[in-house]
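Both complexes shown next keep chain A, but they swap its partner, so chain B is in the first and chain C is in the second.
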Partner chain A sequence: MAGNASVAEAAAKPAAYTPASRTPAPQSNFAPWKDPAKNPIVRFENVTKRFGDFVAIKDCTLDIYEREFFALLGPSGCGKSTLLRMLAGFEKPTEGRIFVNGKDITDLAPYERTDVNMMFQSYALFPHMTVERNIGFGLRQDGMEKSAIEARVAEAMALLELGKFAQRKPHQLSGGQQQRVALARAIAKKPRIMLLDEPLGALDKRLRQQAQFELMRIQETTGTTFVIVTHDQEEAMTVASRIAVMNHGELAHIATPGEIYEFPGSRYVANFIGDVNIFEGKVSAIDGNDVTIDWPSGNDSFTAQGSAGLTIGQQVWLAMRPEKVRIFQTKPTEACNAIPGKVVDVGYLGSISHYHVKVASGQQVTALRANAAQTVEHNIKWDDDVWLEWPYDAGMILTK
Partner chain B sequence: MNSRFSWFNVTSIVLGFAFLYIPILLLVIYSFNDSKLVTVWGGWSTKWYSGLLQNDALLDAAWVTLRVALVSATVATILGTLAAIVLVRMGRFRGRTLFSGLVFAPLVMPEVITGLSLLLLFVALGFDRGYWTVTIAHATFAMCFAAVVVQSRLHDFDKSVEEAAMDLGAPPVRTFFEVTLPIIAPAVISAWLLAFTLSLDDLVIASFTTGPGATTLPIKIYSQVRLGVTPEINAISTVMIGFVTIGVLVASYMTKRQSAMRERETRAVDQGAA
Partner chain C sequence: MRRWYVIGAPYIWLLLFFLVPFFIVFKISLSDIATAIPPYTPTLDLSGGWEAIKTFFSELDFENYSFIVNDPLYVDAYWSSVRIAAIATLITLLVAYPIAYGMARAPKDWQPTLMMLVILPFWTSFLIRVYAWMGILKKEGLLNLFLMNMGLISEPLTILNTNTAVYIGIVYSYLPFMILPLYSSLEKIKPSLLEAAEDLGSPPWKAFWQVTFPLSLPGIFAGCLLVFIPAVGEFVIPDLLGGSDTLMIGKTLWSEFFNNRDWPVSSAVAVVLLIVLILPIVLFQRMQQNQAEAGR
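Then we have the complex of A and B:
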């Protein structure tokens, strides 16, 4: 995602060369959350939801802006679906208010929330209606004229390429087709905010990737604000403009996919998004931006780029993405962070290889290497003594 | 394979079916008996069936039974469906266990007790016993059967379908009539048929709660049999067996078709996912 930004920068310079296959994303400069003048279209204000003694959502405050593709990401039971269902009106917050477009909708019933429509995980198609009547259901509830309904239904069916299934019943459709009908049915009402509860969960991997791009295309063509709930971090990274990572009913981190991946706010977020190596240590010296971290279990110390607010003696965690760890057979010279270890496992995936290296502290560190050379002779093998090295700005210092 | 057709299995099946159906078969056969003596075969005849049409007392009783069954089945189905919806959809409310116990208790309550207590109630309220008291009594005890049938359908009904309807702008009542009811319709119809059948052949509760001028067919038959079985009774019983058989067959066909359809839907979804 950081790569995307640099491509966009390059494209902004006149006469800069842009590879034809990678046109810059039109939304790369899209960041309404950074603009204090913008009003959010959705605002959760100190929302708490309790089911009996169980706290599903803990004092959550969240702004979502118009035209965003916002992802709520977290493991099952983290409260992400509850948050979405509160926005749709199926659950009522125990405390706090919810605003849509500046209007307090906390006490409105689902059928009174005209700005919001939802697509369900189970698709929830009406089994006794044809595809056409399913899609027109919401419009009939609004008392629209018959000809206007027909036009809208046709429009929605065209958008999702459902034309030839108009007269079929849901049970005569495949899973992918049902998913598109469910999407068409919600989008036909032209809501300002579209809620998607694990919309692609029932599809197999290949179909899911296709559907992700389909969702992005529809979100862009209709200009609707999308809020998606997912437990699949790849899906969230692919589709979303911003991601909120949730943990036990709390918002652990809200940021763009790139920021979340490169600068996660906590060990939980770092672990949840992608793979990560974590070293526990204490700050022993701070020199401007350079922070020295003692790593007692490995009897070593590291230097890393630190942020403000660190104090000497503070307990910190140094987190590092596997692709930023380099692996060598001999000790690299002039490396600022280098530790020895022994290879315990090699995972060859074709394009890349994973190396699991046991280091002095006994923990396993993963390094990732692209297999750039066309050879089957890989010089690093099981039980080899190796050195792991990473630059001082590759790791992130986490304080929680 | 041989063990499936062992002499033991075959004998038990033959004995079991014989025990269940030979009496009914005999009754049907003797309804076509030409002889006036019930137990002596005198050749084939349909004269008892045509005789039925002249027997006003029996026809009246049949007409009362039919009216009671139609009305009580309808009332029982409506109340049973509502009870099932409350039990399945309202979640855990205070007194839910008590409510479900109260709804389903008549299933296991001896009919004599149900009949007697209803009789006491009608007497205490000063109701004139007759057509309406029988109808109310039948609706009361058939309601729990209807509730069971509808409840089992509602249990595997995806609640998000109703939520989707509301999300798309349909208020709860419209959601019920446009989405929920059409989907559970087969279960509601089989509940109605079950309630209808139960009312049709109830003797005990009807005899407790009936009054002058509202003699149902089972009561009529029972009182006539005490004076001696006539071939006419055999004929009317055969007609009733026919009615009940058709009712049960249609009800089970609806249930089967419905579950087959659901299976097909699930299969379609699975194939789509695979």
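Then we have the complex of A and C:
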């Protein structure tokens, strides 16, 4: 899933190899955030941003490391764009400091932030300039020599396959081409940090997937640190080495896509990233790492793992991804978590099927099954009585 | 068929109220002055048959045009009109640009009100507003009183009946025609363009010249032509505010017509004025068309 970019990254720098810890989905060995010796390239230090009474960003502390593809993910209005705009210099933090490469840039104007360039959501291409002039705009500001500018522009155009559009005006380009020009214009400045504000939001789905891989390719080849703002969780999962999920101006969770999917840390994050089944319950017993959770509304109890920080009697939520819930027509033997239910809905998607099962508590639980056998007969149908089962290590215990 | 009515209507309008009057004026300009009613000759008398029509045409000539072109009075008046109009247009642009810029940058819900304020003077008669300027600019007028009370000047300034007063009058009267097209082109510039320029290393004042100014050029052209074209032929302002040495073609035309009662020469002056203005008018039309096409 995550970070093809980071895979290549690790391949290029075998020295950065760190032994894989017990993460269930180790996508790569690129993990500078785990290395205490590494200095972050971007640091937000207790940054708060208020617009009048409205708190857009609440005491945010965040480190981003060199060559990361960092995604700020959240619903609209969660403050992710504000955070990015503060890094670009368009907004000033009300409190706190921002550092780039150890240097305090909080009070610098956008045009003084030479390490940072931004690609805008609306692309913001200059309508009165050709593609070539647009891409060279930033270089002309630096007073570079003409021949050097031409070489850089050609390089950026080659990187994004824009050569044949050099003399066109932005309004003569398609949306996908405009998006590439906007990217080329920012990348031509060779910033150390590239900011992307919903860069693919205006593209249709097919084009967006292509563009995601293009972004990853550019990030790899240029070795630039990318910070992307998106509301599309799939996009974040695809491109990012780490994701920060934001909620009402706060960083709800920062982790790799795999970690965030498997260990979301809160119901908000679990719900925001992918589908999830959640059972509300209370801790009734702790045995080492094993936890028994009473599920009063279903008159049952579950076993799960991860006892750290839990106390008996504490209210918890057991969250489970649909693909980890198995569905049976008879009660499975030797299962540690199995509950009966009735199928209320079957969604056949070809490669997989969704089963919506109503369980004792009245809630609907989703189970996912791959259609491995080639058949049009599907033995589980509407109104069938079924059993749902999941292993003790499939669920995640959430406390908030 | 019905389509032709719709398309035909404006053309019939133009024919009746522009082309026909123009040809009447043009015909008079080819005639000779006469002490008669109407005060020119020849007049077309269709009852005389084909012969009469032939004599009629044989009596028309371009004498008046060669007179205008060779008499420095007229050439100077044209030249001076164009120069005064051009300078006034430039001053109007310099005054209007910051106003339009401020309007375009103002909070969105203020903008209709600001627009209203720009158009508001049109609710009073143009003539009355020019007369009001006489009251302001004359020796014992408001401006001199104010400046003297402030202790800035000891002697009243002579502004009324000079070219300065004409410039003030033109700039004041035509300001809205400059502000509105400027505003409409400035308002279309997305703020993200300036942010992008700044992000790419261009300080705000540089971003203005690299992004805002070039993108407002259509508004600048439209505004300048909207001011320049009527200002060249302006009569009321130079007549009321200008002095005896203010030479403008509108005034010349008026005195030729009403003082000398020389209809043929004044018609020729009017036709030449139209020719002088054809180039900017065509430019303006072209630009509007280009814009309409680019906007598609």
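To be clear about the criterion, the second predicted complex is superposed on the first by the 372 of 400 C-alpha atoms of A that agree within 3 Å, B and C clash if a C-alpha of one lies under 4 Å from a C-alpha of the other, contacts with A are read in each partner's own complex, and residues count from 1 in each chain.
Everything below uses one rule, namely that a contact is a pair of C-beta atoms (placed from the backbone, for glycine too) under 8 Å apart; a residue touches a chain by one contact, two chains touch by 3 or more.
Only a predicted model underlies this, so the values are computations on that prediction, with no experimental measurement involved.
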When chain B and chain C are modelled together on chain A, clash or fit: clash
Chain B versus chain C as contact partner of A:313, first or second or both or neither: neither
Chain touching more of chain A, residue-wise (chain B, chain C): B
First, second, both or neither for A:124, with chain B first and chain C second: both
Partner chain(s) touched by A:174 [first = chain B, second = chain C, both, neither]: first
Partner chain in contact with A:102 - chain B first, chain C second, else both or neither: neither
Chain B versus chain C as contact partner of A:88, first or second or both or neither: both
Chain B versus chain C as contact partner of A:288, first or second or both or neither: neither
Which superposed partner A:202 touches (first chain B, second chain C, both, neither): first
Overlap of chain C and chain B interfaces on chain A (superposed complexes): 88-90, 109-111, 113-114, 116-118, 120-122, 124-128, 137-138, 141-142, 171, 185-186, 189
Residue ranges of chain A touching chain B (in the complex, touch as defined): 88-90, 109-111, 113-114, 116-118, 120-122, 124-128, 137-138, 141-142, 170-178, 185-186, 189, 202-204
Parts of chain C lying in touch with chain A, wherever the complex brings them together: 190, 192-193, 195-203, 206, 210-211, 214-215, 294
Chain B residues touching chain A - in the complex, by the definition given at the top: 158, 160-161, 163-171, 174, 178-179, 182-183, 261, 264-265, 268-274
Sites on chain A touched by chain C in the complex: 88-90, 109-111, 113-114, 116-118, 120-122, 124-128, 137-138, 141-142, 171, 185-186, 189
